[in-house]
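The structure follows.
Chain IDs A, B, C and D follow the sequence of writing; residue 1 opens each chain.
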Amino acid sequence: MSLSLRIEHLSIRAGLTLLVRDISLTLTAGTPLTLLGESGSGKSLVMHAIMGSLPDGLQAHGQIWLQLPGQPAQELLRLPAAQRQALWGRTLALLPQEPWLALDPTMTVRQQVQEVHQQVRGLSAAQARQQALDNLQNVALHDAVVSQPPVAERYPFQLSGGMCQRVAIAMADAAGGQVLLADEPTKGLDEALRDSVAQQLLREAAGQRLLLTITHDLQLAQQLGGVIGVMRGGELLEVTQAQQLLQQPRHDYSRRLLQADPGRWPVRQPSWTDTGGQLLEGRGLSKYMGGRCLFSGLHLRLQPGQITAITGPSGCGKTTLGNILLGLLPADQGQVIRTSGLTSLQLQKLYQDPPSAFAPHLTLAQGFNDLQRRHGFSDKELAVLLERLGLHPSLLQRLPAAISGGELQRMALARALLLKPRLLLADEATSRLDPVSQQQVMLLLGDLCAEQGLALLLVSHDQALVARMADQVVSLEAHGVTA
Amino acid sequence: MNSTVVTSPTTDIHAALAQAARPQPSRWAQRLGWGLLLVVSGFALLGPWLISADPDRQDLLNALAPFGGHDWLGTDPYGRSMLARLAHGAQLSFLLALLTTLMAVVPGVLLGIVAAWRGGWLEKALVALADMIMALPGLLLVLLVIAFAPGHFIPLCLGLALALWVEFFRISRARSAVILQQPYIEATRMLGFGPGYILRRLLLPALAPTLLTLASFAMSTAIIGISTLSAISVGVRPPTAELGSMIVELLPYYAEAPALVLLPSLLIFLLVLALQLISGGRKS
Amino acid sequence: MLRSSLWGTVLLGRALQAVLVSLLVGSLCFALMHSLPGDPAMRIAAGRYGPDAMSLQAAESVRQELGLEQPLLQQYGRALWQLAQFDLGHSLVTGRPILEELQVQLGHSLWLALASLLLSLLGIPLGIIAGARAGGWLDRGSQALAIGVRALPPFVLGLLLMWLFSIQLGWLPPAGFGSWQHLLLPALTLALGLAALSCRVSRDAMAEVQQSAYFTFARHKGLRGLTLIQRHGLRNAAIPVVAYLGVQAVYLIEGVVVVESIFAYPGIGHAMVHAIIARDVPMVQGTVLTLGLLFVLINLLIDAACRWIDPRQGGTR
Amino acid sequence: MLAAALFGSMLTPVSARTLNVVGPWEMTGVEASQSGYVFTRMQVAETLTAADSQGHIVPQLATAWQVSEDGLRWQFQLREGVSFHDGTPLTADIVAAELQRAHQGAGVLKQVPVKAIRAEGSQLVIELERVFAPLPAFLANYSTLILAPSSYTAEGKVSQIIATGPYQIQTMTLPLKLELKRNEHWWGGKVAIDSASYLAVGKGETRALMAQSGEADLVFSLLPVSVAALSRDPRLHTEVVTLPRTRMLKLNAGSALFSDVRVRQALSLALDRQGMARAILRNDKVAANQLFSPAMGAWHDSQLAPIPRDLDKARALLAEAGWQAGADGILQKDGQPFQVKLLTYSNLPELPVLATAIQAQLREVGIAVEVAVGNSSEIVSQHRDGVLQMALFARNFSLVPNPLGTLLQDYGPEGGDWGAMGWSDAQMQSSLQQLQVITDAARQAPLQQQINQTLQQQLPVIPVAWSELAVAASRQLEGVQVDPYELSYHLTSLRWKSEE
């Protein structure tokens, strides 16, 4: 029997609540399987059920059959915890989300790969070391030019996000796990890095290995090919060949999902016309960080109702520029001039990671109450706004961590809109959201600009999105700036 | 654009996971903590009212009476009722400990937050000050403050607080620095809230569990500190009943009446245990 | 090259701290000891001759001998000038050079501190095990024990240990100094208080490490049991624990005062209390300065240890 | 310096035959006036004279002495063949230099009206300004011990103790420890025990545990609570002797509160001496019915009955003196409450305890006492400033084996730091003057009794309890003698019982 993993009627419950409903899937070698869905669709739970690492209080029902070559198939859910954990690394390899947090900060990457050979596979130190260097070489982590310290001897904090993800892959290689489970492997990475990680994953799956990827990133799913499953609300809506799904999705949600890809958005009718009005102007802005020039002599004008995008690769200073324009950071040179009557309260911001923009111990209702007490809007106003943003009032009773990222970002939008802002900075505000939520939020923003003359400052690395949304684009590069 | 209003399983999954991820201090431990606190503080608050015996009334011929007699917990070497002395001692000690801890926590936490908030030279200066004070033996500080007004309670608390505030300063500075970098602080400011709101609504609640744990230890440190000072005769003056000085007073009789020495310690233990159980015993 | 300059900054920072501590100690001791109520000449005479032979006459001769009738500012200037020359002067009570006295006392104190620090390390594995199973019986038990130890004043704890180990078991001498057996009981008394702290800190650190993404990932990599804890738990948990050792050092120095007198151990804390009571200003200054510099030194070592354990601290900050 | 300190403190192991002595007294320095009593008690250093257990002055380094007719010139014959631990022979010149130094120092010799001290051949001559009969007793005080010239630095400070006693110092760790070995050339012959140590242990609880664990062979100054437990221990022998030392309340008789003798008497009657002796001091015999303890020979009046507690009489006396109970039960006179501050110190651990008991007892007659536990020097400085109200302390009448020296200091016309304050009695002054001149015991006795009676009636100080010295000795030791004058531990008469 060849290598395969078969999920049959998998359900996951938390007490009486059914979180994942009756899922059946089969993974075979050579065909990567990608589960696509928004956060909270239950796709991660499926992966943790396979791994055997569900959080306490969640129970999996159904069957997961693991077939290893030359061995009788085993049903994972029935194995005792110790035996399941024995499969970790050796058979089941998990690529973590945000690997820069998942690597041990106190060990060099070589040591962390080496210990897999040494501790898990029982090799001698010298052999393990050599193999670890090979593994790192295989994921293209080696020094193109001689660097100090060499890449292999660096600590995680000295590596970029993409490099960390490749280290994690090298570790999976080292253990030789035949089932590779990748959990949102491109979360927080920009396009270029995403592509390189996708390439690496494909290389891994090319051999005798199973690859299951969890993502909301359509581009990644497309690059991986194979089979795609679409999940929503704990249900598996459809499982189809990648090509077929991308061209002819059967399920309504799948269609929406595909259409939500910025590349497929309908072309937006520009609502803004240059009226000569001016909200904010940046003159000759320069900023240096760590001795490096992010940008210099930058001129920029924002007008009411205008959508301005700041774009460029990660680390180029997009967010810094946005913050300078909002007055959150000082510029090293130049000045930001606000139109008269523009108060700080009328400048608002949406953050990349919605949960971090809310105090974790306050329910949303408490937050809105405090805001109401401070600024005195009516209950009606809030209710109308929430409805407009598609948020059920019952969500207010929850803590920020207990609602989805898309919902939370809309809550953040609601919070900002209550102050009647004239300029809104959306700092990668949708980069962590699934495409449907992203589209929802972006369309809302676009409508608001058109209706209320809100100026939007969009910081994004997503060229497609920028192309669909922006009236004006500021493109930052590693050195200097092109406007 | 017309999006559907849903409360889908989507949000249920978030709620369920949030529930699972949050470490819940066990319910029974917290209840036990509150129960203990009620008993101990009840004894300290109401005891002196309910127990008619005079804690200072001596009867030298009835010294070191055993448990269970007229005075329930026996008598001390002067023939004074242990029960009455424990109740009065608990009242005074807990009050002093509370006062000391407040005197340490309030400036410690506020300065810690100010340092983290303002940064720059102010933070450097405050950190240097805290380092200096840590490098000075706490006992010296306490002795110096007390020497100005021997036998009075406020300098005693002040002296102890002078040595204790540094820990609160360090912890609140370190933790505030992390919290203040969170985007939600910036977001709150942009929403028009002032420093007062951020302090009251965001910072203090986030610091509270850690501070409560530290403070409960600080309370026991304060009471033990007073006893150490009593041991070198600079603590509380006789015949005042105070748990720390009672330990010192009773120590010579440890061979004849070992329980007497341990009773005041037991009260301190129960108080700290109760506070720790309530705070969930989580430091980090 | 990057590292060496960083080390330079650290050393410079601590050196600066040492100088500031010296200056502060010098001034503070002087100012406060002189502004304290009570006649220093009387106190010194009582310290020298004991209450039996203490008299007004004795106090007056002390006053003349020590020049205590000189203007304060003059005395202060002299004190600081001497301090700058590393001249700590002579003890007003014993009449011997402070440096000579400190050398003996410091030696004994260092042995005691070292022994108690070593013994207190026993709290760390207990804390690690408790933290590895947070909420378990060992966790609860060690928490109660820690609170219990902290609810007893050190002199009661010391007496209990003496009674147990010397009288009941007959294993160790109850008090005195001169051999390693003599060192054990006072060290244990201090160590219990320390272990109570380090146990809780390491428990919390371990519990936190266990919830971290990297620890989870290491498990998912296939590491298990002791290997896992040893390779990914200890080092990371050690970061806050080692940082806390600096704070512990303070406790150690504090606790020493009481423990030394109950065990008749000739350490620096004992000397300091006596000096304060007897208003032996040079001796107070000498002891406090030594303790302060010791604290700076310990913190320097802790800085070094933290940097060694946590590579991130070499780069950032 | 750190490393040197670390390794310098490692000490050599001690031999099993060492006699371990433990006492509460720390050696604050090496000067005779500071720690001399440890050196003389441990028999490292010797004085010219000594005292027997009755307080009679007996020869030590001086074998005989005589005084001239006019009583102004004393001649002391020094013992022959005495040498210091370093081999230097003892000469009259050395002794003269030593005593001159003692006279200029802070010791008791300052009180003696010395005109000149000089050597005449093998004799030591002391010339006085005026007659001073108790001189030989003063030469038994530890501050007059004789050290070899090699003990001193060039600046004339003591750097080591090189003396004449049967034991010599091997190591000294100030302030806590002395390690001694036998002086093989002692003039008194060979002593049985070859090495000894002295350890100062401040805490009484620790001292008791050291006796119980066998770590110490001879333990001095046991706490009252420890005595009963230790006397039940079959391995230990305990002994309690009453000292010529008294715990007393000093009153400021010059102040409005205590100038009336009836108030002082009332205070005395309000004290529960028997209760304090039994419950706190655990020794019924130490309840003081007079200032002078039975250890003070002829000064003590054995005919006196115990002073019973009599609250009614005390209240009556206070009422006579014009003190009436106020609403809160506190006595009042002219609108002023009877509030008084009682100053004591904790060097002697029983003092704060007694103060607490006295506080409660005086409260029963309506006197509000605030107890302040401070430093012993505060009593002296508050006496000097005249602000002292009441103090509790223990006064040693045998600092010099003859109490006269102390009495002169404490009850002279001006009073004294550790005695009367704002009180003086003409008849007593004349008795004290006469006692300085008279050497005949039979003629001394009536004067001594007169002084005792005056103090008993006038109560410038109120005796509370006599002091006792409790000693625990290992049963393996033979020949333990407890000296009530605390001049010597008599190590030379000790021997180990034959090996079991």
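Here is the rule we use: a residue touches a chain if its C-beta (ideal position, glycine included) is under 8 Å from a C-beta of that chain, and two chains touch if they have at least 3 such contacts.
Just so we're on the same page, UniProt names per chain: A = ABC transporter ATP-binding protein; C = ABC transporter permease; D = ABC transporter substrate-binding protein.
All figures in this text were calculated on a predicted structure; none of them were measured in a lab.
Trainee: If you take the chains that touch chain C (ABC transporter permease) and keep only those that also touch chain D, what is left?
Mentor: Looking at chain D and chain C (ABC transporter permease) together, the chains touching each of them are B.
Trainee: Among the chains in this structure, which pair is joined by the largest number of C-beta pairs in contact?
Mentor: Chain pair with the maximum contact count: C-D.
Trainee: Which chain has its Cα centroid closest to the overall Cα centroid?
Mentor: Chain nearest the overall C-alpha centroid, as shown: C.
Trainee: Taking mean CA positions as centres, which chain lies farthest from chain A?
Mentor: Measuring from the centre of chain A, the most distant chain centre belongs to D.
Trainee: If you average the CA atoms of chain A and of chain B, how far apart do the two points sit, in angstrom?
Mentor: One centre to the other, that is 44 Å.
Trainee: Roughly how far is chain A from chain C (ABC transporter permease), going centre to centre by Cα mean, in whole Å?
Mentor: 49
Trainee: Just give me the whole-number Å value for how far the CA centre of chain B lies from that of chain C (ABC transporter permease).
Mentor: 22
Trainee: Multi-chain contacts in chain A: which residues touch at least two other chains?
Mentor: Not one residue of chain A touches more than one other chain, so the list is empty.
Trainee: Identify all positions of chain C (ABC transporter permease) at which a residue touches two or more other chains, and write them in rising order.
Mentor: 38, 155, 159, 163, 277
Trainee: Where in chain B do residues touch at least two different other chains?
Mentor: 232, 251, 254
Trainee: What's the complete list of touching chain pairs for this entry?
Mentor: Going through each pair of chains, those in contact are A-B, A-C, B-C, B-D, C-D.
Trainee: Across the complex, what residues on chain A touch chain B?
Mentor: For chain A paired with chain B, touching residues are 14, 17-19, 21, 38-42, 45, 55-58, 232-234, 326, 328, 344-345, 347-349, 351, 353, 356-359, 361-362, 370-371, 374-375, 387, 389-392, 394-395, 398-399, 401-404, 407, 412, 415-416, 419, 440, 443-444, 447.
Trainee: Can you list the residues on chain A that touch chain C (ABC transporter permease) in the complex?
Mentor: 51, 53, 85-86, 88-90, 92-94, 96, 98-99, 101-107, 115-116, 119-120, 155, 157-158, 168, 171, 175, 177
Trainee: Going by the contact rule set out above, which residues of chain C (ABC transporter permease) touch chain B in the complex?
Mentor: Touch residues, chain C (ABC transporter permease) against chain B: 17, 20-21, 24-25, 28, 32, 36-38, 135, 140, 143-144, 147-148, 150-156, 159, 163, 200-201, 204-205, 207-208, 240, 247, 250, 253-254, 257-258, 269, 272-273, 276-277, 284, 288, 291-292, 295-296.
Trainee: What residues of chain C (ABC transporter permease) sit close enough to touch chain D in their complex?
Mentor: Touching chain D from chain C (ABC transporter permease) are residues 38-39, 42-43, 45-59, 61, 93-96, 101-104, 106-108, 110-111, 155, 159, 162-163, 166-167, 170, 173-179, 261-266, 274, 277.
Trainee: Provide the residue numbers of chain B that touch chain D in the complex, in ascending order.
Mentor: 56-58, 60-61, 63, 77-79, 150-151, 232-234, 237-239, 249, 251-256
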